[in-house]
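Labels run A, B and C following the written order; every chain starts at residue 1.
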Amino acid sequence: MVFSAKRYSRRGYDVSEELNLRDQGAAMWESWNRPKRVAFAIGVIFLVALLPYAADFSITSVLNTPITSYQSVLVYPVGMFVLMALGLNIVVGKSGMLDLGYVAFFAIGAYTQGILGTKTGLSTWEILPIGTFLAMLSGLLLGLPTLRLRGDYLAIVTLGFGEIVRLVALNSRETGGPNGITGIPNPTPLFGQRFTLDNPKAYFWIVLVMILLVIWMIRRLSVRRPGRAWEAIRQDEDVASLMGVPTLKYKLWSFSIGASIGGAAGVLYASKIMVIAPDMFTLNVSILILACVVFGGMGNIWGVVLGATLLAYLPERIRFITDARQLVFGLTLVVVMNVRPDGLLPRKKREKIAVKDKE
Amino acid sequence: MSEKVLELKNLTMKFGGVTALNAVNLHVNKGEICALIGPNGAGKTTVFNVITGVYTPTDGEILFNGANIIGKKRHHITGLGIARTFQNVRLFGEMTALENVLTASDVHKKSGLVGALFGTRRARREERESRDRAHELLEFMEIGHRSDQLGKNLPYGDQRRLEIARALGTEPQIILLDEPAAGFNPAEKVALAKTIQKIREKGYTVLLIEHDMSLIMGISDRVVVLDFGQKIADAAPKEVQNDPNVIAAYLGAPSDAS
Amino acid sequence: MNFAVLADQFWALTLTGISLGLIYVLVSLGYTMVYGVLRLINFANSEIFMVGTFATVIMSTGVFGYDINSETLHGAKLIFTMLACLIASMLLSGVAAVLVEIVAYRRLRAMGTNRLASLISAIGVSIVMSEGMRILTHSRPRSSPRLLEKWSFGEIAGANFRIDTVLVIVSSLILFFALDRFVSKSRLGKAIRAVSMSEETSKLMGINLNRVISATFLIGGLLTGAAAFFYTTVYEMTKYNVGFNLGLAAFTAAVLGGIGNIRGAFFGGLTLGLIEQFASAILGSQWKAITVFVVLVTVLLFKPNGIFGEAIQQTRV
């Protein structure tokens, strides 16, 4: 794509590797020592944290979104999608298990906030660990019987689970039925920031913190035993088990961690949006998140972040896409899978370079 | 009397109407190189598959150091000390050579996900140790220079060597090699024979499936012959070579005494 | 839980269960046959069904110019029109199926990529089709004119033998047995069975793999299209998302009978049709969709082979 072009040296060897922007960037990163890297990371995080202000300047006001406020868009869908895509990436991208019902965990988190927030006096910050835990638990319960199933079947079962959660929410009195739950409280102020309707920035920064936490966690796990186990499971599960990898255990871990991230996102989402209903947690959302993972590059953190940002932001910015958003996502899935099955920023090439990093 | 590391007693494996293994009795002694030979379809790889837990046998026992391992989970069996390679190379192609071996050596680690996440001292130590070991194994198999290359990019010979290194990474007592010389030229086969002897010298027990007779006769202490799922010979290489039943099995005709 | 309703309407429910079940059978054949040759689930089959329903509606409204206020037809005109709609539906679904194979699966098969990519690609195609239709129909349902006057042959123990119900049952049975015969006796049928048993050997035997696979998709599409026609005739309406629930039910039926197993699909479809009707009576119709899922998940967990099918978790070393 934009990042690489086929070029041939005079002798006819394919040197397109050398012109690959992404690999060049990675090579640059490898050459820096630790302080340089820390400084770079802090710089980037600082810039990202300033994003809510970006649309205020005339030059970058092109970022403004027509329907919902730009700052609100940064939280949902952009921030939330990035967070959830990272979570789903652990399951699909790293471990190779197709989960089509990821929205279920998002819903569980959201309804936890909805029910506990309106019925008890707990604040969002107190409900956050509860919702995360409940989502993780449901991931575990769902995974235990189903993770023995291969590929296609796991996909269908997870799809079924996603739908069951929605249908139960739709038909149960406790969850407010089709009307859902209203009057969900906003989070209590934190560090002087108030989480009111007119201050989406605060939510963005919380989501940003969560994203950074998740990225840290994924990176730590990837270079050690869990990451290897997941890769081995993804590449050849039968051989992995024969090489001593306890496949069921690691699949469950992957599934539960992914689920808990979805749950955390859900809690925050409900507390921002204040009203939740079953029709917000449809199969479409699962597909959307999946599209983010696929588009960005399955398994690759930065690819997923990039993919989720683009796919979440663009339909908000470009009006005519908004109506056909689902269609665009579907097309994305087909086209990307056929043209670049590994996504925009695939996993493989990074590995070659990343290995030197670990030594 | 040497100790039996692995013993198959009366092992029968049926797939629907097909009997792949029929009441097979065989054993491997500690520290020996035992070869498993037989015409194609005799059931050799099935033996490996049954031992490692890929299939559950229809009847019989599999004793590893005296304990029955039938019904145990595959990764558990590997953890007990049985490792293997495959007839068709089954590396983790998108991992580097080092990572392939590291994945295998993870089996004995006490630390897992939590250790990795929080960087506990034990986790870091185990990681360091297994890295060192993995490098050693790669050097031992003479592919140390390939440590950072992706499995699928390695030349064929190195891929086979990597598979063996990976299997050794699980710190087994016995290693099952499934046609390790397939596709090798004579020079490479000689090198492989030396390597297998090196492996034995390090204290591992070897059970290998092979078709190349000179390779087998050169390094094996004992040869077991299977035909149509049954054992038809079990003796030192020289005796097996002259066994009329074995000759008949391979040539498919009654042999003349020669 | 309302068992009284069940007892009261047992035969009526059974009859509906059979006729709906046979529609499931036809659609499930689309899933089961494709799985047999590709070992992949044809996710887009639900949209292939949806396409067929719209083909039927467009035929009768667009081409023939009838609408919901038209009078019903009789005699030769009726037979001709219905046949035309049936054929249109089958053809359109068949063509759609072949296109799905080419777009979603073929390229990835050639590249030898992992199954995950094929699966996701098929999901993408499915979404494009249903969303495309949603945009075209502005999310509104379309009603199908009643060509056939739905008189009844009579009632037996509460079961109402309406002409359309009987038509669906008889036609579906004919189609199923035709397929069964075709797969056992014809050359192409044998080729399909060969490929489903061993792709490698089939190629070595000189079977043109691409052709067989396309043919399998086509046949699955034709049958699904026929089911779409029957569905539209009975329910007299369709919508862009009609494929979702029905596809899921049909897939469940395929799994229940043993995916890849054609005769199993027959059993699975009928069983599911009956279960659905009975559950709907006992629990109320809003739990119908959950019932299907629960059946699916239960089968996959406890008897993933289905009742007759192959093991879906073969280890290959």
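Just so we're on the same page, a contact is a pair of C-beta atoms (placed from the backbone, for glycine too) under 8 Å apart; a residue touches a chain by one contact, two chains touch by 3 or more.
In this text the structure is predicted, and so the values were computed from the model without any measurement.
S.K.: When you take the mean of every protein CA atom shown, which chain's own CA mean is nearest to it?
M.R.: Taking the mean of all protein C-alpha atoms as reference, the closest chain is A.
S.K.: What's the chain with its C-alpha centre farthest out from chain C?
M.R.: Result for the farthest chain: B.
S.K.: Using mean CA coordinates as chain centres, what's the gap between chain A and chain B in Å?
M.R.: It comes to 42 Å between the two C-alpha centres.
S.K.: How many angstrom between the C-alpha centroids of chain C and chain B?
M.R.: 48
S.K.: So the centre of each chain is just the mean of its C-alpha atoms; given that, what is the distance between chain A and chain C in Å?
M.R.: 35
S.K.: Pull out every residue in chain A that's touching 2 or more other chains.
M.R.: 238-239, 242 - these are the residues of chain A that touch more than one other chain.
S.K.: Among the residues of chain C, which are close enough to touch at least two other chains?
M.R.: Chain C, residues with two or more chain partners: 315, 317.
S.K.: Which parts of chain B, given as residue numbers and ranges, touch two or more other chains?
M.R.: Where chain B meets two or more other chains at a single residue, that happens at 54, 86, 90.
S.K.: Using the touch rule from the top, collect the residues of chain A that touch chain C in their complex.
M.R.: That would be residues 92, 96, 98, 100, 145-146, 148-153, 155-157, 160-161, 163-164, 167-168, 171, 238-239, 242, 287, 290, 294, 298, 323-324, 326-327, 329-335, 337-338, 341 of chain A.
S.K.: For the complex, which residues does chain A have touching chain B?
M.R.: For this pair, the touching residues of chain A are 217, 220-221, 224-229, 231-232, 235-236, 238-247, 250, 253, 347-348, 351-352, 355-356.
S.K.: Per the contact definition, I'd like the list of chain B residues that touch chain A in the complex.
M.R.: Chain B residues touching chain A: 52-54, 73-75, 78-79, 83-84, 86, 90, 92-96, 98-99, 102-104, 106-109, 111-113, 115-117, 119, 123, 127, 148-150, 166-167, 169-170.
S.K.: Any idea which chain C residues touch chain A in the complex?
M.R.: 40-41, 103-104, 107-108, 111, 113-121, 123-128, 131-132, 134-135, 248, 251, 255, 286-287, 289-290, 293-294, 296-297, 300-301, 304, 312-313, 315-317
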